[in-house]
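Got a structure for you, questions after.
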Amino acid sequence: MDAIKIQLPHTVQPRAENANDGAVSRTMQPIVTGTSVVAFKYKDGIMMAADTLASYGSLARFRSEKRLMAVGDNTLVGVSGDLSDFQYMQHVLEDLETRELCMDDDQTLGTKSVYKYISNIMYNRRTKVDPLWNSYVVAGLDHDEKFLGFVDLYGTRYQSPTIATGFGAHLAQPILRKRVEGREDEIEEEEALAILDDCMRVLFYRDARSFNKLRRAKVTAQGVEISEPYSLETNWDFAESIVGYGG
Amino acid sequence: MFRNQYDNDASTWSPQGRIFQVEYASEAVKQGSAVVGLRSKDHVVLVAVKRSPNELASYQKKIVRIDDHMGIAMAGLTSDARVLSNYLRTEAMRSKMVYGRPLPVGRAVNMIGDRAQINTLEYGRRPYGVGLLVIGYDDAGPHLLEFNPSGIVSEYYAYSIGARSQSARTNLERNFEQFQDLSLQELVTQGLRALRDTLQQGKQLDTMNTSIGFVGKDTKFTMLDGEATQQYLDLIDEGARHAGGRCDGD
Amino acid sequence: MDFAQFQQAPVSVPTEHHSHGNRWDPYVDNGGTSLAIAGEDFVVVASDTRQSNGYSINSRYSPKAFELSNGSVLATTGYHADALKLVEHIEQRAQLYFHKHDRAMNVSAMAQMLSGILYSKRFFPYYVFPILSGLDAKGKGAVYTYDPVGNMERVNYQAYGSASALVQPFLDSQVGFKNQRNADPSRLLERPQAVKLAIDAFTGATERDIHTGDWLDLFIIDQDGIHQTKRELKHD
C-alpha cells in the first residue's frame, strides 16, 4: 500500500538529516502562492492591486486571500510568493506596530522605516540561506513624499515609480512604463484606476495563476484604503477564433 | 562616620522614603561645572564651561556627539558619562541600521533613564554619578531633555545642571518665553549669558573654557570649541545692550 | 590503458558559479557598470543607475555609487543587496573611527579597512566589486579596486561591472595609453578629458550592454569636496 505523503510548507518542515552525508537539507520552494502585485505612483499617492487567489501549484486552492496589508496609518504592503511566509511576516509587522504604539510618544514609523525593516528581515533570511519566499511592494507617503519600494527573497531592493512583481514584471510593467513613467505627478485617480484595471485584466487573460477577483488599494495623504474584492469585465469572444491547441 | 544607617546601598530605603545613595549621586552632579541647554522652535543649543584640574592639564570635555541629530552635555563623573554616551551611540547606530531612521530623542533618554533606574533597584550597584542634558532633533522637532542619577527624565524649554546652575536657571526662567523665535546665533548667545551667571567672581568665559553644541532643522549636530567659540563670545556683551535689554524690559 | 574511457568521461568546465547540489543560490547579479579615473588632484567616478535582474529592468534609478561620510566615494557593481549592506558596514566602522579619533578616516585607512571587511566574509563573500575613490594624504587622486574577497590594488583607473569588458580596454587605451608608441603610460589626465572619457565610455557601454543605461551618476572629487551630477543615458 502506498503511503500518503503530505508536503508541508517549507517553513514548518522538519529539517531532515540526510543519512548519506549528514548535511541539513531544507525544502526550497514556495507551496501556497500568490501571483503578481502591481503598483505605481500617481498624483495623490500610490495605487496597488493584487488578486485574491492562493494557488497550490496549479490548483486554485484558496479564492479569497488578502495580499494587501496596511502597516500603521500610511503604509501599504503588497505581497506575492509563499503565503505562509507572508502570514509570518504579517505577525512580525503587527508586532512592530504594537511596539511602536506602546512607546506612546506621538512618533510613528514612516513608510521608509517599514521598508527598511522588511528589507532587513528579507536580507537576513537570505543570508541564513533560509529565505522568506516572497516579493514585497511597500508604498506610502513619508514626510509628504511619495514612496514606492520593492524587496524580494534575495534582499534585492529598489525604488521605482512603477513596480510589478512576478508575471506582472513581464506583462504589466511594460504597460506601466508606457502610461505612467514620467507622468506620476499628473495622473488623476480616475486614470490611475483605469491603468490599474488594464494591467490586472491583461494579467488575468495571460497569467494562468491569476484570478478575476481582486482588491485594489491606494495610499494618499488621507491614509490607506483597501477595497473590497471586485471583478473586471472581460471578453473571451476572441477565443472562438483560436484554432489549434484545443481551440 | 556614616550620615545614617540607610545609605550603604542604593537598594535600601530610609524610613522617610528616601534613597540616600541616589541623593549622594545627585551631589556629584552638582559638583561638575555647569551646562546650559535651551531651545527655540527650530534649534536647540548646549553651552558648557570646561574645567581644568590644574594649570598644566587640559580642559575636560563637556559636550559629546551621539549622532548627526543628537548630542549630550555632562556634569559630574565624566567617566560615567562616557559609558552612557557609548551606549547611546550604539543605540543610535542600531536605530539607523534596523529602521533607517534617527533614534527619537525622547526614547534615547528614556533608555539611559531605565539603565539608571536599574542601579537603584539591585543590590550591589552604584548609581551613575553624572547628570546629562541631551539635545536632539527628530520628527517631533527640537528637544532638550535632562537625565539624572535617579533615572527621572524630564523635558525642558531651557534648563541647566551642575555647579551654581541655579543662577543660570534664574536667568533662563526670566527669558525663556522669548526663546521660541530666536535665531540659532541669538539662542547660543542667550545660552552663554545664562552660563556666565554660573561663574565664580572674577572668572570669565573664554575660548579655552567654553564649549558650544547645537542641532536643529537642517542643521546637523555641531560642536564648537576653542577659537570657533570666539564669534559667539563676542556677542555676549554686545547683544546685552540690545537683546538683553529687551528681555529685561519685558 | 583504456583511452576511450577518458574520451567519454563527462567534461567538467569550471565556471564562475559553482552550484552546490540542490542548494538555493543566495546571489543575484544586478548588472550595471562603474568606473573611476584618478587625476593629479581629483578623481572622476561614474556609475550608471540601472538595476536589472536577467532581462528585466528593476529600476531606472537605483544608485550604486555612494558618497561616504569621510568624503570618499564607493562605486559598486554585482549583487545590489550585498553592496548596500557593505556600505552600511563601512559607514558604521567609519563612525566608530570618528568617535574614537575625533577625525574622519583618510582614504588610505578606509581602503585598508575595506579590504579587511571583504576578507572577513571570505567564505560567504559580499558579491560586490568595489572601487573606492578619494584624495590621498598628499591631495592626489586615489583609486582603490577590490575583488569580492578583499584583494586590493591602488590604480589610476578602473572599470567594473557588466560592461567592464567593453570599458576597461577603452580606458587602457585612452587613460592608460597602453600599447602606444611615444606615449607615457603614467601620465594622468586633466579633469575635462577625464570627465569626457567617463561620459563617452558610458554612452558606448549603454549602446552595447543591455544591463547598462538609464542615468549616469557622475562624481568629481577634489579639494573642495564632492561635486555630483546626474546625466541621462539611453532608456532602452
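For the reader, a short list of remarks on this structure follows.
In this document, chain identifiers A, B and C correspond to the written order of the chains, with residue numbering beginning at 1 in each.
Criterion: a residue touches a chain if its C-beta (ideal position, glycine included) is under 8 Å from a C-beta of that chain, and two chains touch if they have at least 3 such contacts.
None of the values given here were measured: they were computed from a predicted structure.
Across the two interfaces under comparison, B-C and A-B, the one joined by more C-beta contacts turns out to be A-B. Farthest from chain C in terms of Cα centroid separation is B.
Here the spacing of chain A and chain C, counted between their Cα centres, is 32 Å.
For the pair chain B and chain C, the distance between mean C-alpha positions equals 45 Å.
For the pair chain A and chain B, the distance between C-alpha centroids works out to 48 Å. Listed for chain B are residues 97, each touching two or more other chains.
Against chain C, the residues of chain B that register as touching in their complex are 65, 89, 93, 97.
Residues of chain A that touch chain C in their complex: 25, 28, 123, 126-127, 129, 131, 150, 154-160, 169-170, 173. Across the complex, chain B meets chain A through its residues 97-101, 104, 106-107, 138-140.
Against chain A, the residues of chain C that register as touching in their complex are 22-24, 26-28, 30, 51, 53, 56, 58-62, 79-81, 84-85, 124.
Interface residues of chain A, counted against chain B in their complex, comprise 103, 105-110, 112-113, 115-117, 120, 143.
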